[in-house]
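There are structures below to look over.
Look at the two complexes coming up: chain A is in both, with chain B in one and chain C in the other.
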Partner chain A sequence: MTRSPVFETFRYAAILLALAITLVPIIWMTSMAFKPVSEWQATGADLTWIPKRPTFENFRYLFGQSETTLIVALERTATKPILASLLSAGFGTLIAMGAGTAAAYGLSRFGSGGNLPLALIQLRLFPPMAVMIPVMMMWAFLSLMDTWWGLALIYGIVTLPFAFWLMKTFFDEMPREIEEAALVEGCTRLRVFLKITLPMMRAPLASATLFVFILNWSDYLIALLLTTRQWVTIPVYMSSLASSMTGQLYGAKAALGLIAAVPPVILGIMIQRHLVRGLTFGALKQ
Partner chain B sequence: MAEITFRNVTKRYGDTLAVDDTSFTVADNEFFCLFGPPLSGKTTILRLILGLEVPDEGDILIDGRSVTRIGPAARNIAMVFQNLALFPHMTAEQNIRFPLAERRMAEAQIRARLADAAGKLHIGHILHKFPAQLSGGERQRVAIARALVRDPVAYLMDDPISALDARLREEARVELKRMQREAGRTLIYVTHDQEEAMSVADRMAILEHGRIRQVGAPVALYDGPASAYVAGLLGSPAINLLPPGLLPGARGDAVQVGVRPEDVTVTPGEGAVVTGVEPLGGYTVLTIEAEGQTLRAMLRGQPAYAPGQNVAIGADPGRMHFFGPGGDRLAG
Partner chain C sequence: MSVTDTPPAPPPTAASVPADAVRLGHWLTLPAQILILFIAVFPILMQLYISLTDWSPLSGRPWPRAWELWNGFANYADLMSDRRLWSAVGRTALVMIVCVPVQFFLGLGLAMLFVDDFRGKRLFYSILIMPMMVVPAVAGYMFFMLFQSGGPINDIFGTLIGRPVVIAWLSDPTLALVAVMIADIWQWTPLMFLILLAGLVGVPDDQMKAATLLGANAWQRFRTIALPRMKTIIIIALAIRVIENFKIFDTLYIMTSGGPGVATETISVYIYKVTTQDLIWGYVAAIALVILIVLSVVAVLAMRRMAR
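Showing the complex of A and B:
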């Protein structure tokens, strides 16, 4: 099929627009992260796309190595918020994927927990805000306030429905004969799951894990309500990068944003191979 | 080395009766075919034998011992699934090794068995490939090798060669029959192809709606169908089921008279008209209309009949099958 030049022009215009919408903020953030104060505070004609005097000053500032060019000294460095984000999002993802995968497998294969799908959907219908006040009280009672493990627990609970629904779809799609073949060949149920089902589910597990991790990683609201000082996460910490004297510290925020983008990107690259792979790739006759 | 017996087995899925109060025995070393239209319960019977399904009523015995409550792993039966069910994340070799490795067999022994099975099925050159990289026929061979490689008491196969084209299928079924003889094991084989069933089976069971209608040697079923249903399933072209008045010599109390196309005699004359001629070389199939009925006749060679020609039809009463009300064969 040959397309008309008009159509092609529109097509490329649409692609360029989409690219601009997604990439320009990232480019701007990257550029800003390497600008000295004078440049990221610049307005109007002084705006530059590429830093004239690139510097690591913003990064040094975040980690308390600054030579005071940013006027205010930091109350605390970015090290611990980064750690808090990694721990809470990481373990939260583990909880959601572990419980979600187990529940999805049980429901898909044995029909156990018949009301679970609906119950989990209802959990998602609540805006998190609606339940956060009770959760705060419970967490306070359980001494889980301002801890990364308390945060990981609520992240695991909030993203559990996503993990469950994604994995259930994948389990439902897997032909039951493959597991039955393994049963007939002498496996126990547990061995079937470990030797056949899980390896076949690598690709779906990888993509669901990435999805859930990004949800947890980018949370702001829950962390804002459940942490105060010790274990604030990157998004909460980022909002504190301002002062009455200097206003918003955009350079430092951009540098932190750049750092925050690293884990999802690394995770994405690590599992990229699985993301593009098909599910059953030719086990069956069809 | 296994005799498999069903004793009044019933299996329901919700309101559907998949297997309805069924009893039969498959003898040791027998090539036994389950044959019937789709959804007649063939696959469910295999799943019951494997232990993947538990019967709602009745008992399943292997060598006289009830296995009704025993899990699939302990029954030691090998299965080739209809969709083959190869493990997609394992190479052909790993697939075939799997049943042996699961039974903790010694590596040397595994290798010997693997080489043996690969040799029998001519798949030595594709062992390193993944199922996705294999053709349909190759996958089929790998699946059969995975079943052959261990030493089960019986093999079950659910239409394993249906994906092959007609020519390869003919070769494959001869090969299967030979392998079953060499292995000296019971083989229960599901197929929906009557020619395939008749050509390989020692005995076959004809199913309808979860019930076994008749069991016997293929030729015995062909020559002595217990009902019009069984008669209609076997033979190609299908048997002519006609009202009793159409052919001279039919019993008066019959509701239907069955005549195989090869038993219809056609002579120049009156009473019927040829409406179609299919010359097949060795045989010619005529479609004939008589008194508003359509029937088929299969004649040897290439007789010179043309559409529109008037003919007389008949049949040897000794070759006719008489069915009473409800389609059951009349006694005598």
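Showing the complex of A and C:
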């Protein structure tokens, strides 16, 4: 369809405006991450969008290798929180994908677990805040407080609905002829699932795994309640980078924010095609 | 792109599935069932028990002995007259009523610009959906920086009107709420855009062309052809945002901690504060349980309506 030049002009103007609004916060944080201490709080005429003296100081500072004397040395470096985030989100994703994929296959092929769809939708619906008191009590009882494995367990449960629904829609769409042929050849059903179905579903499995990982990586509230010191995750550690003694460590926080924000954005763009399906529980797909 | 209306194969029924398949099916669904039991049944029973007592982690007894602090339905009576709670409920509703429609219309408008091809479409699309993938806590910190009184937002406004602007966004009760809503809109408009665009692209091109030939203008084409086909998609998009918006915590808490005072305190923030600062867990359990019940009723009603 040919469009009028007026429409084209309007379209580019509107999109450019949207791009500007989208990018301002991202650009500001990126720029802040590379600003030296002296520029952190520059205001008025001194405020700059591009650092005057760009530096990796903030990143070095996070990992305990800063030479600067302007700010108090960190009591704890960012290494362990990054590890905590990776381990809890990673293993949480494994739990969700393991249980979710198996259950999705069971429901899709054999009609088992008919209660799961509704139960999992309800799980998605409830604010985590509304079950956190008993979860904190249970986690304390099981000695899971302030551990990455305790966090991984709750992440696995919270993102189970996404893993289940995504994999269920993928299994529903998969042609069954190959599975049936293998059955006729004498394979057991478990072998068919493990040796034929799963390898065929490699690509969807990978997308679903990345999607679930992004969700787990993004958590703040649960880690805030279930970790206190040893295994705080990046977002929790980030809020601790401000105290009455040090003030807001703007640049260091921005550098950490960048470290936290980059992986999910890259992964998200990689799985763009499946985002709609993942977010709408498989009700919509591209 | 389409709405999945029916699964490709008829769902298996008990009679048609051989015994070995049934057994495997049970084993496969078992882990998920256990996880759900673990997170739903125990916590809710525990929550119910605690909510009928005055128990708190500081009460000097382990929780199984909470019955020594039995107070019947006093917690439930208290929450009815808890002004701070109800103002948090109202504020959560206000944030939802403002943010969800704004996200919807901005997302729809953008999506309509992206239906047909133009130069740079893929790149623009990838950039526009970035905010929803930024970790919410990090997004909160971005906006915390942007809204400082000497920060870039005031700088941009200052440049636009030609004289310095010093607005203390996050320490003014009204403006803090506005700032929090702007952050939410920034982060979640892309979600609406993404879903609605997927819906718009699914509208058959030939019907639109036919309507154009018949003299329908853009608005008429959208209203009579695209809109009816997109009904389900629109409902799903709105439902997701309403559900998520109700839980709003991360960005907001990082930006304002619910302050100044209680000016940006939503339900989740309120519960968080009462849980970690006041430590009256019996009372929090009562609030949480009421929320769970109300949401369950809403969910069941909504599903019945959707089913029709």
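Here is the rule we go by: the second predicted complex is superposed on the first by the 248 of 286 C-alpha atoms of A that agree within 3 Å, B and C clash if a C-alpha of one lies under 4 Å from a C-alpha of the other, contacts with A are read in each partner's own complex, and residues count from 1 in each chain.
Here is the rule we go by: a contact is a pair of C-beta atoms (placed from the backbone, for glycine too) under 8 Å apart; a residue touches a chain by one contact, two chains touch by 3 or more.
No experiment lies behind these values; they were computed from the predicted model shown.
Visitor: On the A-aligned overlay, A:R76 touches which partner chain: chain B = first, chain C = second, or both, or neither?
Guide: Once the two structures are laid over each other on A, A:R76 reaches no partner at all.
Visitor: After lining up the shared chain so the two structures overlap, which partner does A:P199 touch, if you call chain B first and chain C second: first, second, both or neither?
Guide: A:P199 sits against chain B, while chain C stays out of touch.
Visitor: Counting residues of chain A in contact, which comes out ahead: chain B or chain C?
Guide: Of the two chains, more chain A residues are contacted by C.
Visitor: Does the superposition put A:R273 against chain B (first), chain C (second), both, or neither?
Guide: A:R273: touches no partner chain.
Visitor: Let me test your reading of the model: by the given contact rule, A:L19 touches which partner, first (chain B), second (chain C), both or neither?
Guide: A:L19 contacts chain C only, not chain B.
Visitor: Touch test for A:R53: chain B only (first), chain C only (second), both, or neither?
Guide: In the superposition, A:R53 touches no partner, neither chain B nor chain C.
Visitor: Could you give the residue numbers on chain A that contact chain B in one complex and chain C in the other?
Guide: 188, 280, 282-286
Visitor: Over in the complex, which chain C residues touch chain A? Could you list them?
Guide: 1-4, 7-9, 11-14, 17, 20-22, 24-29, 31-33, 35-36, 38-40, 42-44, 46-47, 50, 63, 109-110, 113, 116, 118, 124, 126-139, 141-143, 145-146, 150-152, 155-156, 164, 186, 190-191, 194-195, 198-199, 201, 209, 212, 232-233, 236-237, 240, 243, 246-247, 249-250, 253-254, 267-268, 271-272, 275-276, 281, 284-285, 288-289, 291-292, 295-296, 299, 303
Visitor: State the interface residues of chain A toward chain B in the complex, per the touch definition above.
Guide: Going by the criterion above, the answer is residues 175, 177-178, 180-188, 191, 196, 199-200, 202, 280-286.
Visitor: If you look only at chain A, which of its residues touch chain C in the complex?
Guide: Touch list, chain A to chain C: 1, 3, 8, 11, 14-15, 18-19, 21-26, 28-29, 32, 41, 43-44, 47, 49, 95, 98-100, 102-103, 105-107, 109-113, 116, 118-135, 137-138, 154, 156-157, 160, 164, 169, 172-173, 176, 188-190, 193, 214, 217-218, 220-221, 224-225, 234-235, 238-239, 250, 253-254, 257, 260-261, 264-265, 267-269, 272, 275-276, 279-280, 282-286.
Visitor: How about chain B: which of its residues touch chain A in the complex?
Guide: For this pair, the touching residues of chain B are 50, 52, 71-73, 77-79, 81-89, 98-99, 102-103, 130-134, 136, 139-140, 146, 150, 163.
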